[in-house]
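Note that subunit A is present in both complexes that follow, paired respectively with subunit B and with subunit C.
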Partner chain A sequence: MTRAPYLFISPFFVLYALFMLVPILVGIALSFTEWTGLGTPVWVGFRNYTELFRDPSFWTALGNTAIYTVVTMAVVLPLSLFLAMAINARGLRLRDMFRAVFFIPVVVSPIVIALVFGLFFDQQYGLVNALLRAVFGFGGIEWLTSPAWAKVVVIILVLWRWTGYLTIFFLAGLQNIPRELYEAASLDGAGDIRSFWHVTLPQMKPISAFIAVTVLVSTAQIFEEPFLLTRGGPGEATMSIAQFIYRAGFERQEFGYAAAGGVVMFLAVFVIGRMLYTSLGIGKAK
Partner chain B sequence: MSTRSATPATGRAPAGERPLPTRRAFLAGLGAVGALALAGCGARSATQVTSGAVELGLWTHDPGYVTAFQNAAASDALMRGSAFAPRIAPVSANGGDLVTRTITQAVAGNEGPDLLGIIISEFPRVMKSQMAENLFVDLGGLVTDIDDEVLRTAPYTRDGTVYALESDASISVFFYREDEFARLGIDPGMETWDEYLEAGAMAFERTGQAIGSVSNGDNTSIFNSYLQFLLQRGGSPFSETGELTIDTDESVEVLEFIRRGVDSGSLMVIGDPYGAAAASALQSGTLIATVMPSWYNLYGLQANAPDQAGRWRMRTIPRFGAGGHIASNLGGTGFAIGLDSPRAEAALDLLRRTYLTKEGQLLRYQAGGYLPTLASLYEDPDFVGIEDEFLGGQRVFDVFREAARDIPVFYQSETMQQLSAAMGAPLLDVYSGRMNAAQAIRATTEGYLQQTRQAV
Partner chain C sequence: MRRPGASRDTSRPLIFIALALVGLFWLFPLVWALFSSFKQRSDLFGYPPTLIPADPTVLNYVSLFERYPFVSWFLVSTVIAVVSTVITVFVCSLAGFGFAKYEFRGKRALFDIMFSSMAIPFAVIVVPLFIMLAKTGLAQPWFALIVPWVAPAFGIFMMRQFSEQAIPDEILNAARIDGAGEFTIFRSIVAPLLRPGLGALAVWSFLNAYNNFLWPLIVVGDPDMYTLPLGLQAIFGAEGRQYDIVLAGSILAAIPSVIVFIALRKQLIDGLAAGAVKS
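Take a look at the complex of A and B:
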């Protein structure tokens, strides 16, 4: 009888232990070893970590990831909010269609997206350069082979893929703001801009904070976009931290080194996430 | 009915009632369940099958190999005298994933593939720390007596032991549009690259057409463009013992050749040499010649430009002025046998019959156009007489025979991936003229030392 409650709650804990705790702990332990994936891991202490912090590729990947994260936070969030407000405008027809259209990029297979973007941004035969040639008379931009432009294309892909998705969240938040607040602001003489600053933004704070943390955590672990579009190239110009870890583990059989990268990434994302969480006051009672 | 408050803090239950497990006991129980679950993953049997009907797990990225092995297993002539009656159970996945799964299955103590197709660029992953030795059967016994006869064993060799047999000789030749060459007045019989670059520059100036291509796509594609020419020139990225050997005259010459070719327009720069950009270049007639392995005829030319049937021809690759070969190599897939497979003997038998007999090689050529890997077959009448309709009825083995006699040796290293990562950006700088050959080699060497964490 007294064991019954434990039995009822045990499935979660068993699965959590097997598929979360065990892998995490094994990963941390692995980061102190040298292991190719077969045979017995050899204990190397903190060597993987010291080599990681001396590895220029790691810093390149970290820098790239920081750029992706900052740009995404700085552009995607405001853009999503702007689009949500546009869709939320009174009298807009086909609102549901717009909502569906904005949602589509996130459900399309990333492989298809990467293929299409590869075709768009191909230097010789790409649509973008062809358009530039037709309209402006030049169009030889090395979109995917110049280190700077390749980053831009990855960022464009991230923006295209995630802006619409986040718009849906903002839209849900906007639709929950009571109309009376805007009416009261209007009676007090507030225009559209003042209403935005003093009604919309404060009311949207909880959902904005949630979206900000979600975007931060997911962008800091960005993998699909640069991997499928450029494989991290040219050179390592678009390689992210997650890709660096994948390369070490699954292309070079350096699982200890990859695990060390994973631990560092986890700590960085966790700490920054917590800081954002605290600074935005998520979960705090009003 | 017991309640939480009725239970002492120690977790002991009142007399007559079953004790409530402590938190520590609960966690220990969880751990035991987990350990049992994990242990259950590792059960396997290792009794070797020595005869009779047997199902062989074939892991490959290419359905053509499935057809080839299925045809071989079903062929009475090929299987005559065999103790086994194999049936193929294919598993298809991405080439990299197959190697990863093979390793993880071995770590978990589960059965892996009986026959594994390893893409050549994935083999370096198992060259580390005797992984190949622990995963695959040593195939030395199959090839020792016919070592000179079997082509391309070096890329799948580790410490002198062969772990996979190449499926396709993947001989690189020079494909060209006969009609366009005639229109532009380019003699397809020219001997050297110098002559071709001159003719290519003229063609580009007149019509914007190119007589070759190099890739500016991902690092691997970029590196492969260089590698194919380097091997032809007589160089190699690594020595037999795995030392980096790119700082050579051959390497400098190849980089300068690429630079001259791109600069003059003779060599076109294409992102993905097997993708949409290459297809557009072929279909539009912008790319009228290219150095590519034999399989490019089927998977590149015929797939992307079927309406150009009869207009393409092939020949051996023009020579570099300072020496080298008239052939090169690119790509390939080696087949290995799982070391712990209880069906290893049957897999070995099928592999030998399919890959090291004339009948097997004919079946493979018919199934997927896989070029023979036994040197003597390039003189065999059954192959020599083959004509290729897409190439205007050309007797292709007249070219392949000549090329097969002069195939360069290609050694791989466990740090091949690091080299391709280090070389991508410098090669792009060579294309654009931002670096000369010497600078690119220096940058690559420094990058390689960093990638392999040997830099001071």
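Take a look at the complex of A and C:
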């Protein structure tokens, strides 16, 4: 055959080499140095890594990111599946409109969303506290200034922003399930709940695996939601790993340290993601 | 005997009503932002909060244009998003077609490399990439905001799925017998057949570039080159938290992305879904 396919895929591989592979290698090299951006980097061996694991801020950021990831997997994923099943209900009118309505949050710039949520959850003037006061008689919750509540707000924001996006993937998966399977289950006397466990869930396994890995990779690098909402605050209460790296690199000019944080994150995400991909056998070339 | 799906039929109106209520709830933050952008400042922070402005004003929009180079931010964002989109669609459809319709040595390994690059977190390359660009003098917005991002693996993956579904081998073989070159075949036969997929990829790519925040925050230092998200962030970070003006700016910034989405929503949603499911 011709050289054509190589030429067709070459732009990707050139860009991949220049802007992904080389930066990863540079990042690994940089992580063994100390460098403020001026002069030449000084080789320090594994010091950045040992410091990283002694740095309480790093553990806080890691813990916060783990909370965001686990909650997203445990809450947003099932919620999206549930929403997809509702939208997939046979004979539902305005199906396409519902898909679009729930999808719209990802279309809007995160800064717009963070701003609106910041106003909603403002302790003094916010709509949420005003509603709580009107309905329950109390409404002084420090949504954005208490470490625990601030995390809750970040999670609500993530939930609002990503549920509709994931729904469309589940919906596509549901629409791919042959109807005969449900009819057979129904003839066997299975009710809605039984057929959910025995038809829907097994049939949805491949698409769910794909979605789960996508969610893992994107939540592990969450940056915009907590950064725009509270700058990672109060203190470091909502700071994510991505913001930790951003802060080390671009606010404190500790490029070697930031690079080491990046390498640790890369290993964690890439290894877990890759293992999931291979074990579930998705994305194989035919 | 129980009619299959009988219970589903009776619950359908209930599902419709539930979805409609949750949907209204979902849209509320955006609707609230739209109404609030016409509020006076005192109204915005009044108690109890209201949805409808008591005394609607366009003053927030007027001050936005008087005090900030909003038009410039808008142009920078739009030009960058459009240029990125055009290049992305070209690069991804070419590569997706290459992976879908050719057999060649190393295909499987190359595909795996491409596919697994989706699992590389951006935060890993952000520091070294910035340093590389800064040291080579390429950290200018026009280059740094466009070139490194025009070959997203997800786009290639999506275009491979579309190519497999939409392009019959017979057409390609017939064209080859007629003596057409491979690139001519791509341009004159494949591209038109891929059109729905190209539309989906274009919207996806436009929205990504237009809404991008972290990378512009790092690369763009010059206020004259601010993109919309950076400009909004600057207003918001300025003295006195100008919620009123920034709300007006947010609404205007959201308009292009919402219009693009509404116009091409079916293509985008179906396209994303098709890319993920048919693997």
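FYI, the second predicted complex is superposed on the first by the 260 of 286 C-alpha atoms of A that agree within 3 Å, B and C clash if a C-alpha of one lies under 4 Å from a C-alpha of the other, contacts with A are read in each partner's own complex, and residues count from 1 in each chain.
Definition applied: a residue touches a chain if its C-beta (ideal position, glycine included) is under 8 Å from a C-beta of that chain, and two chains touch if they have at least 3 such contacts.
Being a predicted model, the structure only gives us computed values, none of them experimental.
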Quick check on the subunit A-based superposition: subunit B and subunit C, clash or fit? clash
In the superposed arrangement, does A:253 touch subunit B (first), subunit C (second), both or neither? first
By the touch definition at the top of the document, which applies to A:230: first (subunit B), second (subunit C), both, or neither? first
Contacts for A:70 in the overlay, against subunit B (first) and subunit C (second): which applies, first, second, both or neither? neither
Name the contact category of A:206: first (subunit B only), second (subunit C only), both, or neither. second
Is A:6 touching the first partner subunit B, the second partner subunit C, both, or neither of them? both
Is A:183 touching the first partner subunit B, the second partner subunit C, both, or neither of them? second
Quick check on the superposed pair: does A:125 touch subunit B, subunit C, both, or neither? Answer first, second, both or neither. both
Should A:275 be classified as contacting the first partner (subunit B), the second (subunit C), both, or neither? neither
Chain touching more of subunit A, residue-wise (subunit B, subunit C): C
Let me test your reading of the model: by the given contact rule, A:242 touches which partner, first (subunit B), second (subunit C), both or neither? second
Applying the stated clash rule to the superposed structures, which of 130-138, 148-156 or 202-210 from subunit C runs into subunit B? 130-138
Residues on subunit A lying within both footprints (that of subunit B and that of subunit C): 1-2, 6, 13, 18, 22, 37, 115, 119, 125, 250
Quick check: in the complex, which residue numbers of subunit A touch subunit C? 1-2, 4-9, 11-13, 15-16, 18-20, 22-24, 26-27, 30, 37, 83, 86-87, 89-94, 96, 98-113, 115-117, 119-120, 125-127, 130, 134, 160, 164, 168-169, 171-173, 176, 182-183, 186-187, 191-192, 206-207, 210-211, 213-214, 217, 220-221, 223-224, 228, 241-242, 245-246, 249-250, 255, 258-259, 262-263, 265-266, 269-270, 273-274, 277, 282-285
Can you name the residues of subunit B that touch subunit A in the complex? 1-2, 7, 13, 17-21, 26, 30-31, 33-34, 37, 96, 100, 103-104, 106-107, 125-126, 128-131, 134-135, 216-220, 222, 268-272, 275-277, 280-281, 417-418, 421, 424-425, 428, 450-451, 453
Subunit A residues touching subunit B - in the complex, by the definition given at the top: 1-3, 6, 10, 13-14, 17-18, 22, 36-39, 51, 54-57, 115, 118-119, 122-125, 142, 144-145, 147, 230-237, 247, 250-253
Interfacial residue positions of subunit C with respect to subunit A in the complex: 2, 4-5, 7-9, 11-12, 15-16, 18-19, 22-23, 26-27, 29-30, 32-33, 36, 44-49, 91-92, 94-95, 97-99, 102-104, 107-108, 110-132, 147-151, 153, 156-157, 182-183, 186, 207, 210-211, 213-214, 218, 228-229, 232-233, 236, 243, 246-247, 250, 253-254, 257-258, 261-262, 265-266, 269, 272-274, 276-277, 279
